[in-house]
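Listed after this line are the structures, all set down as structure tokens.
After this come two complexes, each holding chain A, first together with chain B and then together with chain C.
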Partner chain A sequence: MKIKMSLLKIMFRETLPVTLITLLIACPYALFTREVLNWQNPWIAIFILAHSIAIAALSGRYRSRSFAFVYTRGFTRDELWFHKMLSTALSILAVWLPVSLIVWLPVRSLIQDKLFISPYFPLMMIREASVPWVWLGGYAILLPLFHYVWIRRAQPLRGENGVVFLAVGVVIVIATLMTFRWHAQWFRILIYCLSTVMIITCLVAGRILHRTLEVQ
Partner chain B sequence: MSENVIRAENLSRDYGRFRALDNLNLNIPRGRVVALLGPNGAGKTTFIKLLMGLLEPTEGKSFVLDNLSRALPGSVVSKIGYMGDMDEPPGWSTIRQLMEIQAGAAAKFEKEYFVQAMKKHELNLNKTYSSLSKGQKKWVRAALVLAGKPDVLLLDEPVEGMDPSARKDMYDQLRDYVTDTDAAAIVATHVIGDIERVADDVAIINHGHLVTYADLEELREQVREVQLGADEDLPELGDEIEVLGSKTADGAKIVWIKCPEKAREILENLLGEKIIMWTVSLETFYLAITEHNSNNTQAHLKEIEK
Partner chain C sequence: MNHILYGFIPLAFIFLIAGLISLSKKKNRPVSAPRTNTAASITETIILFSAGCIALICISCFNNGILLKLRELRPAFAMTHIIITAIAAAFLLSAALLSWFGRTAMAVILMTIIFFSYNAAIDKAPFEGPGYIMARIAPKDSWVPVVNYTFEINNGLQGVEVWINGVFLGTTPFKMTGDEFNKKVLFLTEPPEGFAKAPEGVPQENWKQPEGNWFKVQIVGIEKEENISRQGISYLSKFKDYYAKIKYAGEWGINCIGTSGGGGDFYQYDYEVSLNGHFSVTDKIEQENRERFNKLLQKARLADYKVDKEWLATLDTYGERGWRDVQKIAENEKELSEILDRWVKWKYGISDDMTQKQAGKDLDDICHQVDIKRDYSKDSFEGRAIELVYDKLDVEYIVKKYEKILKSRNQRSLASAMVLYQVIELWDKKLNDEEADKTNIIEKKITPELIKLEDFRKAAVLGGPEIEKYLLRQYQREKRIEGVELGYRNYEYTMGMFINKWLYHLAFMKSPVAQEFQEKNRQEIMKLAELIINNNFNRERNPPEFLFYDLNLGEKSMAYEYWASYSEHVESSFPSFWWEILKKRWDYLNRLGSLATEEMYVHCWKITKRDAPLMGGYLQQALIVLPPDKRKPVTNVIVKELLGIANKKRQEIGLDINAVHYFQEDEPVDMAREFLVKSGDEESFQWLFFKYGRNQKNYLKGRLEQNVMDKSTPEHSLIQILAKNEDSELRKLSLEAIRKLSTAANRKILEKLLNDSDEQVRSAAKQVAAELEEIKNTPVSELVSEPKGN
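Right after this comes the complex of A and B.
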């Protein structure tokens, strides 16, 4: 499908305020937090959860005037869905990439080592290098799910409670898994497989349901 | 392809327990401008949104360019020019950005036409949408639709907030466009005087029902306003004369009737000099028919209550 920059711009702009706010929070945190970053950090998990909800909510205001305008220009629903997913990916990248670069390049390590005289750095820099990929995985799981929730809520026959409970359930499961420091290899593989199935299901179901959502 | 580019078959839509549109049937051919009239809450906007595929009908179906409204393919959806009553672009977007968005959607979009339309109304393309007046906003959105060169135009209150000269300009362009391209247009509006000038047909919706769908010229020929004495009634003429509505004012009874010329002649012969009969404007006809329809609905509700 051809990328239409004007449509992408207007969709990205919808989430721009929240992107800027999260960027302003995430970058200083990545630079100055003195804890060694790991995938179990609860603050980062809450941050990713809040960021994902905000993006899904802002790009899912199907009853707003500006959405009615965009949805009635003559684009097909599939085109709109494709650009919505692209703008979501851009909104995440706009936050995730600068924060990841802070971790990957020696910026964070230098500040921790020279400014805070941390005994863990630069040694821990290598260990922290894999953590941004876990954050990206978190976004990849949560955002398709939340987009799906908002699309279900805009259907003629909503059934929204069921889908909200599903989303809450997934978040509780992720939070529970995060409390365990170690997982068996087979269990990790199982989780990866289930997550991939869930992401693909949400994206495919979201795309199909997006064709029939009501714009008022 | 069938002659009718817009078709509604037993179209109904409920909002919870409220039925906004009830069993509406309507066929609109190419080359027609249809004035869609009705009081607030009559179901006009719902009808247009159903045609555009934005809402799911509770019952029935609608088709635009021979395609089901809820499953319009890309090749068709880009041929529909839609201007909703409530939808508005984000306030931060510039006119130029709106032009680019529309150009990305409508395959036949003519930028030059749009730019000229903006120049005509002294609108700079770099102005943000939020900085425009209400009338200017409507004009920008109307120009976006017309520049897209659509085959079907669905316009909901397109001139609300425009000054009289802009309204005239807008409707003149719409009329010329439909005549030149053989497109079809539905214009839902409360400003009846303006649309009367350019419409071919009139469709009146009241309480979700299609009350009238007729050629405007035929209506002008058939509908008459009759003034009688306060205590007088029209003689019984069977089905020849349809009473659309009546009111008593200043010691006289005004009755609006719809009848062929022959029946009018009989009526004039029966009542002689006592009758004063004249043609009516679309606005008068609209008021007569919606009032009559409301009375009928109220009587019907009372019967149900009993």
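Right after this comes the complex of A and C.
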């Protein structure tokens, strides 16, 4: 499928305010927070959740005029879905990549080391290096699910609220898993497998259902 | 942090709902609209089932759940858990089915209710009480923890019959469950017939000398206890008195003792009951083994410690006990230390030209052995092997291996991790000795990993710029010396105090940077030392090592300045006997090295309040602490003072101070003199000999005999003095010592005594020489240790 830059731009523009706001929050936080970043950091988890909800909410305003406008310009549903996913990925990258670079390049470490005279840096720089991948994993689980939620709700089907409950349930399960400091190796592998299944299912089903969503 | 984390769940919930509400505008679908289609059904079912599976596993295996510990539970309790989990799983499948038919909302609600109920049902299952649902579901008492006992004899002797409270339980080693034990053995509040009652006025529980073959043993078990705060019942480990007897080869054990211990979690407790006693059969074997062992060592001495592989193989048959015994003797006989090293080298094939591969294999073998034993100490056979082999290993290989262990949660707790840490520590020392100003590979790679694991003690021992920077910066953030308000991140809970962790580790570190810190923060370090010493949890008043780091500053050093305070604090130390207090003071002065003068040692003697009777034996215990160069002058001052006291008493009761007779007050004086004799002081010997030699020779001989006969390695200096003495009885006594310690120096004395002017001495010397010759000619194969039992 060919990437249509104008369509991508329109879709990316939809989430731009959120992208800019989150960028303004995330970068200073990554630079100045004195705690060593880890995958259990609750503030970052809340941030990723809020960011994912915001992106899904802005991308999935299927009752809005702008949505109807784009969906009546002759693009196929699959093209629209693909560009929505691509713009979502770009929106995430626009925030995730600068923050990750702050962590990976010794910017955060330098600031913490030289400015705040932190005892943890540059010592903990290596340990923090893996954390951005966990954030990306969080986005990878939540965003396909939230996109699926709005796509499902836009279907000419009943039971549209069930999927909201389902999303809430998944978030609660993830939050519960975060409260455990350590998981057994076999359980971690199981979580990776089930998460992959969930992501693929949400993406495939989202694409299929997107073909039949109602635009008003 | 945790409260934020727990708060995250509802907060996340609120966010999610808020976000989703913004998505939705109320729109009613027509009733005729289908509930779902295939894609939605499959997707929602998969998501619900996946999330449900994770939640179910979380609850059943990791939180309150014990599905992974079923083997530890009683079968009925395990079955109850399996059934409840199966019900929860069935409901999860039902929820998935509901979702399949388009009732996702209902499915999620059902699943949430089920999981909450399931979690509540298994919550703290081992407790009884109104709040604990499991106690109502599971068969009665099935939740009582399982107790397993292992009965064994301390030295591993097999086939010993064990009787507890008059009931035969089995022959060692044997295992039994707590239920079996309680069923077989009735608890007795009174000792059984045949067990001696305490004499009148002595509480029965303090009476430890039963008649016959009985002995009291405290066996740990579990007992129900009401847990008021949790409104239920807990099971706690408790010791109870039992009365035991042990029998081996038809003979009851004598002088027996027994202990028990162990532990477990809510569900299973494993206890070991160790019993020990004497049996004539095993005692005889033990005695013969001891004789063979002594002969083996004598053979080494007669060969001037040049032993062959066969000799080493024979020593090896004595195992760990042999290692410990030789180690102990080697404290006074340095040549044996070399033999210990040869033993280790022979066992592991350690040589100067060994390859890295061979050294690596040795390391792997040692790691494997200690993991099986689950025990490792630097003083052990394996510990010495590590000291001898470490520098043959590739440091980079070791660093990588240890890094891997530090990163692995499971391997960190193994005994082999301690082995590798010792290798790392030895290598670090070696590299620091070679290039002190360079940061070595261990400080670069291992220290940071230890800091990440918050193992600051080990990190501080290895040192390096990373740990120095880390500790200094942490200390810059938090400078308070003590107090619970420091917070768990900043305090080190030691000796009942919350001490600033950063200051504590910086104080113990040895490096130029740490030294600079210690100089700059001298007052804080001194205060820390004061807190550690003058502390109820440190009743021995042991001074911390860091107090002695700056002795190079002489009288301005911390330890020197602190001496007066220490001397004062030690007055309230434990044990509170005067000789213990004196020993502590002298120990401290010993650590001051050249800064401690003779006058300071004498002053200690003078200020120590000797409120208990001045027994010579106790005085000797204290005098041993004196450094060799201070022994004679300090002891002489003490002798002079004690003589003055004795003479004063003599005068008080009208005795002649020059008369030689037994006088009780002379005893500490004699003991002090005797101490000097043992140190090779001929003057003191002459003094004693003059005093007792003529009229009370037997008394003197008795005292000297004690020093020769009761010791496995009598001092060479004493043997020399005895051998030179004009009295033939004492010369003969020196032969007894030579019989035990046939070193080259002592054999020279023997040669002289073979030509002694006294016939009796010559004859005794010939006998000793013949005995030694016999030992020399005994094949080592006859000196192999025999196992005690079958």
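Everything below uses one rule, namely that the second predicted complex is superposed on the first by the 215 of 216 C-alpha atoms of A that agree within 3 Å, B and C clash if a C-alpha of one lies under 4 Å from a C-alpha of the other, contacts with A are read in each partner's own complex, and residues count from 1 in each chain.
Note that a residue touches a chain if its C-beta (ideal position, glycine included) is under 8 Å from a C-beta of that chain, and two chains touch if they have at least 3 such contacts.
Being a predicted model, the structure only gives us computed values, none of them experimental.
Engineer: After the overlay on chain A, what do you see for chain B versus chain C, clash or fit?
Structural biologist: They fit: once the shared chain is superposed, the two partners occupy separate space.
Engineer: Please name the chain, chain B or chain C, that touches the greater number of residues in chain A.
Structural biologist: Comparing touch counts on chain A for chain B and chain C gives C.
Engineer: In the superposed arrangement, which partner chain does A:P156 touch: chain B (first), chain C (second), both, or neither?
Structural biologist: both
Engineer: Mind working out whether A:I117 is in touch with chain B, chain C, both or neither, as first, second, both or neither?
Structural biologist: Once the two structures are laid over each other on A, A:I117 reaches chain C alone.
Engineer: To the nearest 10 degrees, what angle do the lines from the C-alpha centre of chain A to those of chain B and chain C enclose?
Structural biologist: For this superposition the angle at chain A equals 160 degrees.
Engineer: Please indicate which partner A:I53 is in contact with in the superposed arrangement: first for chain B, second for chain C, both, or neither.
Structural biologist: The answer is second: A:I53 touches chain C but not chain B.
Engineer: Once both complexes sit on top of each other, what is the least C-alpha distance from chain B to chain C, rounded to whole angstrom?
Structural biologist: So the smallest C-alpha to C-alpha spacing between these two chains is 5 Å.
Engineer: Could you list which residues of chain A make contact with chain B in one structure and with chain C in the other?
Structural biologist: Chain A residues touching both partners: 156, 212.
Engineer: Could you please specify the touching residues of chain C with respect to chain A in the complex?
Structural biologist: Against chain A, chain C makes touches at 4-9, 11-13, 15-20, 22-25, 27, 29, 31, 33-37, 39-40, 42-44, 46-48, 50-51, 53-55, 57-58, 61-62, 99, 102-109, 111-112, 409, 448, 451-452, 466, 469-474, 476-477.
Engineer: What residues on chain A touch chain C, complex-wise?
Structural biologist: Answer in residue numbers: 40, 42-43, 45-46, 49-50, 53-54, 56-57, 60-61, 63, 117-120, 123-124, 127, 145-146, 148-150, 152-153, 155-173, 175-180, 182-184, 187, 190-191, 194-195, 197-198, 201-202, 204-205, 208-209, 212.
Engineer: Okay, in this complex, where on chain A does chain B touch?
Structural biologist: It comes out as residues 4-7, 9-10, 13-14, 65-76, 78-79, 156, 211-212, 214-216.
Engineer: Which stretch or stretches of chain B touch chain A in the complex?
Structural biologist: Interface residues on chain B, with respect to chain A: 49, 52, 54-56, 70-74, 77-80, 82, 84, 86-90, 92-93, 97, 100-106, 148.
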